[in-house]
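Take a look at the structure below.
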Amino acid sequence: MPRVTVTRRMRFNAAHRVFNPSFSDEENNATFGKCNNPNWHGHNYMLDVSVEGPIDAGTGYVLDLARLRDIVEAQVVSLVDHKNFNLDVPFMKGVIPTAENVIVAFWKILEPAVTPAKLQRLVLWETENNYVEYSGD
Amino acid sequence: MPRVTVTRRMRFNAAHRVFNPSFSDEENNATFGKCNNPNWHGHNYMLDVSVEGPIDAGTGYVLDLARLRDIVEAQVVSLVDHKNFNLDVPFMKGVIPTAENVIVAFWKILEPAVTPAKLQRLVLWETENNYVEYSGD
Amino acid sequence: MPRVTVTRRMRFNAAHRVFNPSFSDEENNATFGKCNNPNWHGHNYMLDVSVEGPIDAGTGYVLDLARLRDIVEAQVVSLVDHKNFNLDVPFMKGVIPTAENVIVAFWKILEPAVTPAKLQRLVLWETENNYVEYSGD
Amino acid sequence: MPRVTVTRRMRFNAAHRVFNPSFSDEENNATFGKCNNPNWHGHNYMLDVSVEGPIDAGTGYVLDLARLRDIVEAQVVSLVDHKNFNLDVPFMKGVIPTAENVIVAFWKILEPAVTPAKLQRLVLWETENNYVEYSGD
Amino acid sequence: MPRVTVTRRMRFNAAHRVFNPSFSDEENNATFGKCNNPNWHGHNYMLDVSVEGPIDAGTGYVLDLARLRDIVEAQVVSLVDHKNFNLDVPFMKGVIPTAENVIVAFWKILEPAVTPAKLQRLVLWETENNYVEYSGD
Amino acid sequence: MPRVTVTRRMRFNAAHRVFNPSFSDEENNATFGKCNNPNWHGHNYMLDVSVEGPIDAGTGYVLDLARLRDIVEAQVVSLVDHKNFNLDVPFMKGVIPTAENVIVAFWKILEPAVTPAKLQRLVLWETENNYVEYSGD
């Protein structure tokens, strides 16, 4: 059977502060600029979850995108939507909540959650001009 | 001269908590749901600032959009970008930071700032599905 | 209190055939072209529902957009999403399902449903290049 | 019959130089900045043409949007697409090709061209952040 | 010569019903939910066709995108636009019209049609949140 | 450390004429059509610059996207924004300014400019329907 990649786009809103608690205030300001605001700022995030596999002959699906949506909603989006990445999200404890670290944390949760389908790629948009991608490397 | 409306779109990111400090916790949760998260959440906001007037014969402009951008940047965007609407923004002190209240506060600042051009309309997008408009009424 | 317009954007998918059953086949083809396909075609529709009113002092809302979303979902979207406008939608019976007729039918349902808020404007996108607006006139 | 506004979105690419030939070089640079490049620059323009009228009982249309597209293509878009507004466009001769002046020129052409439908509004996007509107005033 | 990937985005509207005729009604409802509506539903599809190859020294093109557009229009889009995937499209006969099966069918047609250029990737958007990719594997 | 791809989207406007000076006028018209307008035309270009590398433990960044933006602005965007690709851009001298040739020229500049980060992919949008990608091959 042909192997196709199918993607579900999800959206959520969250607050964060990008800083390293082991840095001095000066270092944090120099490194992170306005993203270091101690009173937080936030984003409308957009997350593309892509899984890859053969088309099932009975359904014509690689994986029902409604089921993929439910998995991502339950395992990831419900834990971060309208939350503070630094204060509210257990799996980000002790991790600087850059888009890079967030996407790797999402990968660790989603890779086992979508089996037997194969998680192929995550793309996370933080603003209309900034996005990051991760493929498990 | 013909009268044209010209618009500059601006973007900023901010955190907020939507709640009424005079409500009980139960009332706030019932009224504002997940927007009441005491640890904040945030958005990528998009703001369309529209001014209206006759076309200037010498320039072909109603108002140079680069100048409008600079006014809005200096008077509004620089005060809210990467900020917390509840904690960091003087003109939102004591005001519930809903999109409705934010847009009215922006209007009060921008209407005198763009004279002699006439501020005609503000549109503020909070998410890809929610936006508010205000025309000074 | 200032009067603000607040909008909730909704999305749904539907099939339709644009034709007049009292026309001959030739007239229908000449008038409606490929939109007259007797085997149907379809669209991803986008609907912006705008209501207008004073800001409530207690909530900072004109109307909670989550509540507006629930009203539109229950009264309109759930009746047309993944449906056929010609065959499945009672309130379109006997009406040619152009975007113009659809938006007027939506208005008749939504205007009383959003009271005491005032329905101000509907915008319905049929494709990325075609949209219609109605304000109850 | 209900009165609805229907819109067709069109797209074209063009070059221009924004300057006033009666100004000195210094005045042009001070007034128009990088838009005054004597070697031109260009844009992907987006134009929304809105006409308003009653719904026709026989067709369900205010005006067939395919017909509106053909009118706008023939009368406006074909004259400016892949053209230079300063050099190639007869109806812009002697006019500074700002978005404001372009939209007024388009209005003069389109208002009689869409009769008996009533041209209600033009919106012209020059970049993703700048757009102008005109309603014939 | 450097090897570049060039993409042309195409759009079309179609109706479909996602179901397996060898399933019982109960199985079809359980498997396909509202996509199984026997009266059809539809989408505005967006298709990105990417071909890869060396830049031609004489033209600066890998493949003239206007020519690629004409090929895709003639071989694929004209056969599915404003059509019903289940009833009107010969190359989908007996195939469940999921996005996965549609994209594989498109690949089989387009791969030989774009030679000597090399078809590298197709992306098919069914809604603003769901899309599939295929590279011939 | 996990390896992530981070992307910064940039935008600029430019004019160009797509033609081969060693071709006759007839050949240029036959080959390049309206893109061969001797009076130029133009576009709003969108450029995605992607670099790949391990996440830095101290910052949580692969590469600060504000720094990437500054590099791309200084090395590429400031040289082409509001310019004419044929007349104003030294690194395009003698090169047909197709999107394919532009993206390869950008690569040659940006690959050394982003070290020690690794330039992974450029994507250049010329219109909403046409884009090209290059990965240094």
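Think of it as A, B, C, D, E and F in the order they're written, each chain with its own count starting at 1.
Criterion: contacts are C-beta pairs under 8 Å (C-beta built on N, C-alpha and C of every residue); 3 or more make two chains touch, one makes a residue touch a chain.
Here the structure is a predicted model, which means the values were calculated and not measured.
Looking at the partners of chain D and chain F together, they share no chain.
Fewest steps needed to get from chain A to chain E, stepping only to touching chains, is 1.
The pair from C-E, A-E or D-F that reproduces the interface of B-D, where over half of the contact pairs by residue number are the same, turns out to be A-E. Different-residue interface: chain B and chain C share under half of the residue numbers found at their contact.
The distance from the centre of chain B to the centre of chain F, each centre being the mean of the chain's C-alpha atoms, comes to 34 Å.
One simple way to say how far apart two chains are is to compare their mean CA positions; for chain A and chain D this gives 41 Å.
In this assembly, the C-alpha centroid of chain A lies 28 Å from the C-alpha centroid of chain F. Of all residues in chain B, those that touch two or more other chains are 128. Chains touching one another, given as pairs, are A-B, A-E, A-F, B-C, B-D, C-D, C-E, D-F, E-F.
For chain F in complex with chain A, the touching residues are 2-10, 50, 55, 58-62, 64-66. For chain C in complex with chain E, the touching residues are 11, 13-16, 34-35, 37, 39-44, 81-84, 87-88, 127-128.
Within the complex, the chain A residues that touch chain F are 18, 20, 23, 31-33, 95-101, 103-104, 107, 128-134, 137.
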